[in-house]
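Next up: the structures, one after another.
The two complexes that follow have chain A in common; it is paired with chain B in the first and with chain C in the second.
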Partner chain A sequence: MLSIENVSKAFGGVQALNNVSLAVAPGSVQGILGENGAGKTTLMNILFGLIRPDRGQIRLNGQAVVVRSPRVAQRLGIGMVHQHFKLSPALSVTDNLALAVGRNFVLLHRAAFRDRIAALARSLHWAVDPDSVVGQLNVGQQQRVEIIKALLGGGKILILDEPTAVLTPQEVDELIPAVRSLARTGITVIFISHKLSEVNRMCDRIAVLRRGELVFAGPMGELSAEDIAQRMLGAPSALSSLGASSASPGLVRLHLSRVCCTLPGTRKYKPLLNNIELSVRAGEIVGIAGVEGNGQTTLIDVIMGSLPISSGVITLDGSDLSHLANFRRARQFACIPEDRQGQGLVLSLSLTANLMLRSYRNPEFTRLGLRHVTAWRAQATKLVRSFDIRCAGVEVPIQFLSGGNQQKALIARELYGNPPVILAINPTRGLDIGATAFVLQQLTAARQRGAAVLLIHSDLDELLAISDRVMVMYAGQLLPTKWPVVDRAAIGRMMMGITPQAA
Partner chain B sequence: MFWLWTAMAMGAVAFSVLLVLAILAISGYPALGILHRWIIGAAGNRFNLAASMADACPLLLTGLAAGVAFRSGVLNIGAQGQFLLGALVSVALTTRVIFPGPFWCVIVGAMAAACIAGGMWALLASVLERYRGVPVVLSTILLNFVALYLVRAALHGPLQAADTSAPQSPQLKIIYWLPILITNTDFHLGIPLAFAVAVAMAVVLGRTNFGFELLITGLNPRVARLVGMPVVRRQFAIMFLSGCCAGLGGAVQVLGVTHFMLGNFGNYGYTGIAVALLGRLNPIGIAIAAVFFGMLDTGSRFVEESSLALPHQMANVVKGVIILAMLVASAWMMRRGSRVRSPEAGVNQNPADPQQVQS
Partner chain C sequence: MNIIGESLGTFLARQTVQAATPLIMAGLGELLAEVTGVINIGIEGLMLMGCIAGYAAAGISGSGGVGLGAAILVGMGTAAVFAGVTVWAAADQIVAGAAVNILAVGASGLAWFFYQNAREAAHRSVSLGRHVGFQSEAIPGLSRIPFFGPMLFDQYMLFYAAIILAVLIWLLLHHTRTGAILRALGDAPEACQAAGISVRTWRTGAVLFAGACAGAAGAYLSIMRTHAFASDMTGGQGFVVLSLVIFGRWTIPGLIAGCLLFGGINSLQQTLQTTRYTSHSTLMHALQYIPFEFFQMLPYVVALLALATLSRSSPGPRYLGQAWRQ
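Up next is the complex of A and B:
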């Protein structure tokens, strides 16, 4: 029995957890739901000893424990699987796990250890081969290895931090029975997510956090999905109010004609982009569906000019973009990149600096050639207010903001000043329902203002909800679909590369 | 945050001085007497203060060179080579190839040429990185040696003074010396010039769009590219600017202090890195740190000249302890910071942190 009692934690001025109490029964799967920044990860990091609570305590089988560090957590039988795996891709599963066991490495009986792993995998009905090299496993299998790693030391409590964020839908389908079989062996699983459907299929009990407070804890099924969403958000979801555009699209803004892209020096391999024909008109959202890794990022890179094309023409408002220097070309587009922390934001700088990364050139923000500090702050404050970015102040480094608020800041920056052409890749990845609806609304609002939007998205539901036209990207090719889509299965087949007659 | 770092720097300095004094006391030296002499020697009268300033001057410029680069994530360890090259060019232009014109034209020309020479020397490393993938850390270190032997070759060859077989240049004509601004002291024109450069750097880096672009380009070039900054140009600009500062430092040292050049022309470039770190990579902080280092040097010479028989190297020991104390303190603050940091936050990606610069 694990119980969390009256735990509170504040970061700077932000109360991440406020007096949260929760009891988890052994052998159950406990779902923890909440928006980004609701405090889920903070709570788990406290359990795992990465963060110490300001107040409150943790009891394990009735005994109060102080989880001072992850090592202490492991000794207490608490294991955690993070979103980003900590495995060495060049080593075998056995070696990776041996490394994790640590101290006994020198005296490790390798064969016995290997058999132990195999036995553990077998008891869970998992197909994990101890001898396979980790780098050759798919993400779902690597996750299993991580889970085994967390359990090897005799772990009784397993924390899974948004385990499905990195998985394909199929892998998610495989994870659910795997977790259920873990629970049958008496292991307590704490499952963090913001996807209702997964929690629904996996958990016995759920707890809902909102802005650091526990707003619901009880058995799964006591609340309807609608009720859970309402508790998470505190307000009804706005997704349903989004619809396809009624306005008719205008002139062609962005046009790609017979564009091919081959990596330099790799001519013999198949091209990254093959004969792309694409036009995006003012006032429309063109959606591109597809399984990731089929050339979507390359498409954005060639439009922005960071990758050269091997043939074809890319025009913006009729003029060839290849004549522009790369940096001038990048200024033509608003871009919501896939990797917001690596490509969209400078984490160590303030929210203000991050919000000004595009508009700093604007003359209204300089005075006598110098930064107009008050104008910067006023602009940042304005964006914070109109995009509802929750922060302890505009001078706070953006790394202290939650993922959802970081994404809001990025979108506030990119969409400010009504950019005529918007490129977006997976703009709602990792966001909760509220933030997702907000992002999609911003994109439809931009369309209403006459922007041309190219939306590359791996979430088909969201893509279909707001796009005016949808194409499917597969193996570097763009396949048109009939619109409006009635047959989602047809799109699914095209995404898998099955010939598109049916679409 | 700013005040915290300032307090930390002061604490590190105080701790180091106390530690060194304790060591002296244990070794049987009159520690308090030495401290007293040291302070007098560093700042006891206007002559000593001016000498400290003159010592600080080249350190300020090489410190700025390191600071500009580190702040933008470019690990230019080559201030030493850029400094030497600047000194070499300014000696050449004031002793061998003198352009016709009034003396101040020659001085300004020599300093400008030294700037450009330092800048180009630094730029070489950037070009090597961009087109040949050589890491700047490596190429700048190695170019230091190239510069050193280039200087020695020149001082044995075309620049060697006629009346000696040692590797040294002839002395500059007095009209090409930087004017002394306070009579009977070492306070030459290069000192206010160096401080002016520091202020200009503070303004350019901290308050202009150009400086903002340098910062972003350094911290995260992918973001810079996304928002349409000319990344390559800015990366080159960082290096050029950095090399310019170091080159100017060389010229100012030759024209203002030594008035000729030796094969062994000091370690100002390397010490500049320490100055930059102590100054938290902030131009004003670097100026303060440089003055402090200058005082340490001048003070220790004064102690040495007195009857106290203290080895000159003591100043270097103090410097070393200070840098170590700073690094320990900043590592400690970093760890504290990461524990406070919210869970969603990524790794600290600021390469300008001294802890990471050192590693």
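Up next is the complex of A and C:
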């Protein structure tokens, strides 16, 4: 029995957790729901010894414990699987686990380790090959290696920090019974999520956090999904209010014809993009679903000119783009890249500078060839207000904004001035429900204004909610679907490469 | 033809291994450091420090063993400075490595100057005594095997040490938990940290080990294969080691193969330089008209070509050259 008693924690002036108490029974799956910033991660970091609480205590089987560090947590049998895996891709599963939970330095006892891993995997009915190299496993399998690592280290209480954020729908479907089988062996699982549907399928009990306070704790099923969402958000969900457009799309803006891309110098590998046929018309959102790593990033790269195409034609409004260098293409498209911190924003620059990165050359923002400081500030203030970016001031370096507000800033910059063509890849990754709805609304609003939107997204629900047409990317190929005539499951199967013709 | 009673082939094979020995020794250390994510382009400087330290210590003490020990200690000491700057203060490894090279040129020259002065003031010879320093050591029996005997079993003791070390490091890297940790340090330091392993401490250990190896390789040049010191006597061999680690794709067999290839071409060019004046064949005679610098250049041209063709598909450790800040 794990119990958290009256735990409070403040960061600066912000009360991250306020008097939270929660008891978790052994062998149960406890869901912790809440928006980003609700305090889920803080609570788990306290359990795992990364943060010390200001007040309150933790009891394990009735005994008060002080979790001073992750080491202490591990000794107490508390294991945590982080969103970003702590695995070495170059090493085998066995070596990774030996590295993490082994004791001696000279002998590896590889055979003994392999047997322990195999036995544990078998008892959970998981297919994990101890000899495979971690870098060659898919994300779902790597996650299992992480879970096995926590268990081999003696973990009895397992914290899963948003484990589904990195998984495909099919991998989520596989994770759920896997976690259930863990619980049957007596392991306590604490499952953190902001996705209601997953918690619903996985957990025995749920706790809902909102702004640092526990607003509900009880068995799953006591509250309806709408009630839970309402408690999480304090307002009804916005996803349902979005929808496909009724307006008929206009002319073709972006067109890709028989586009292939092969990585230079690697002719022996299969092409990254294989015969891509794609057109995006004004006033429509074309959604591309797919498991990550099937060529989605490459597709954006070839459109933006970061990667050369080996054959085919890319046209914008009928004119060939191939002669344009990528910095010239950047002016033709608004692009919301996958990696907002690496590609989309300059973290050390101020919010203002980041907001001006696209439009700083406009005459209205320059004076004598230099930046027009007051015009910049006015523009930044305007965007902050209209996109509801929460910040301590427009001159604050953007790295100090939360992920959701960084994304809002990125979108404010890219969508300013009504760009005719918008490319977006996973634009809501890591965002909470409120910010997700905001981003999706901005995309649908852009469509209403007549923009052509290419949306590449790994969250199928969101993709299907706002796309007019949906295609599936699999192994570098683009497969058309008859959405909305076919169902979600059929698209899910296509994403896994099963029966692509059936949809 | 015969040189000192050996066939040319046997002679070349023995010379090849002799030339490859310091490269293998320094390469093993550099390989281990690079596997953990630290690239030290100051290896040339570390070797040079080993040259002078080994020579001076052997000269003063009259013992080759003391010289080798001093070279190893000075190599580690210089590497400790590099580790402090890059691993702990997170400075750029390439810049710091270049600084080590420049520092070593100055420091070794200065040490050489003081050593000469001190010896002369004490009315002692600057050059090493007849029996100070190492001689090649033939292993009884094995060294009599035709061709392979002189090549592998009539070498300096550092060659035997390097081969034993190579086997031990290979076993360590691939069959122990320490090896898993070392490889993970360059591939996913965050995984090491999560396992409670101090990334910086371990990387420092690897850098110090590389310093010891480079120091020993330097001593080989000044008190084993030759018994002399000259300023800048490493002549770019440290940089060759860097390229051979890449050439061998961070594997020990690959590294050794590269060292033997380079050592072979180097021996061949040296032999060509001398035999072209003594041989009676027309081809050898014609070679006289080629400046000797051309032959000296050959091994480096081959190294460049090999790098250009082979290193493409091998990215190396993911965190190579990146500081770990935590």
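Heads up, the rule we're going with is that the second predicted complex is superposed on the first by the 372 of 503 C-alpha atoms of A that agree within 3 Å, B and C clash if a C-alpha of one lies under 4 Å from a C-alpha of the other, contacts with A are read in each partner's own complex, and residues count from 1 in each chain.
In this text, a residue touches a chain if its C-beta (ideal position, glycine included) is under 8 Å from a C-beta of that chain, and two chains touch if they have at least 3 such contacts.
Here the structure is a predicted model, which is why all the values come from computation and not from measurement.
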Partner chain in contact with A:Trp126 - chain B first, chain C second, else both or neither: neither
First (chain B), second (chain C), both or neither touched by A:Phe191: neither
Touched partner set for A:Phe438, first chain B, second chain C, both or neither: neither
Contacts of A:Ala100 with chain B and chain C, given as first, second, both or neither: second
First, second, both or neither for A:Leu91, with chain B first and chain C second: second
Partner chain(s) touched by A:Trp376 [first = chain B, second = chain C, both, neither]: neither
Dominant contact partner of chain A by residue count, chain C or chain B: B
Contacts of A:Arg361 with chain B and chain C, given as first, second, both or neither: first
Contacts of A:Leu347 with chain B and chain C, given as first, second, both or neither: first
Contact footprint of chain C on chain A as seen in their complex: 70-71, 82, 84, 86-91, 95-96, 98-102, 104-108, 110, 265
Complex contacts: residues of chain B adjacent to chain A: 203, 207-209, 212, 215-216, 219-220, 222-223, 225-231, 339-346, 348-350
Residue numbers on chain C that touch chain A, as the complex places them: 175-181, 183-184, 187-188, 190-197, 312, 317-318
Complex interface listing, chain A residues touching chain B: 11-12, 14, 16, 36-37, 41-42, 45, 50-51, 304, 306, 325-331, 335, 337, 341-349, 353, 357-358, 360-361, 366, 369-371, 399-403, 406
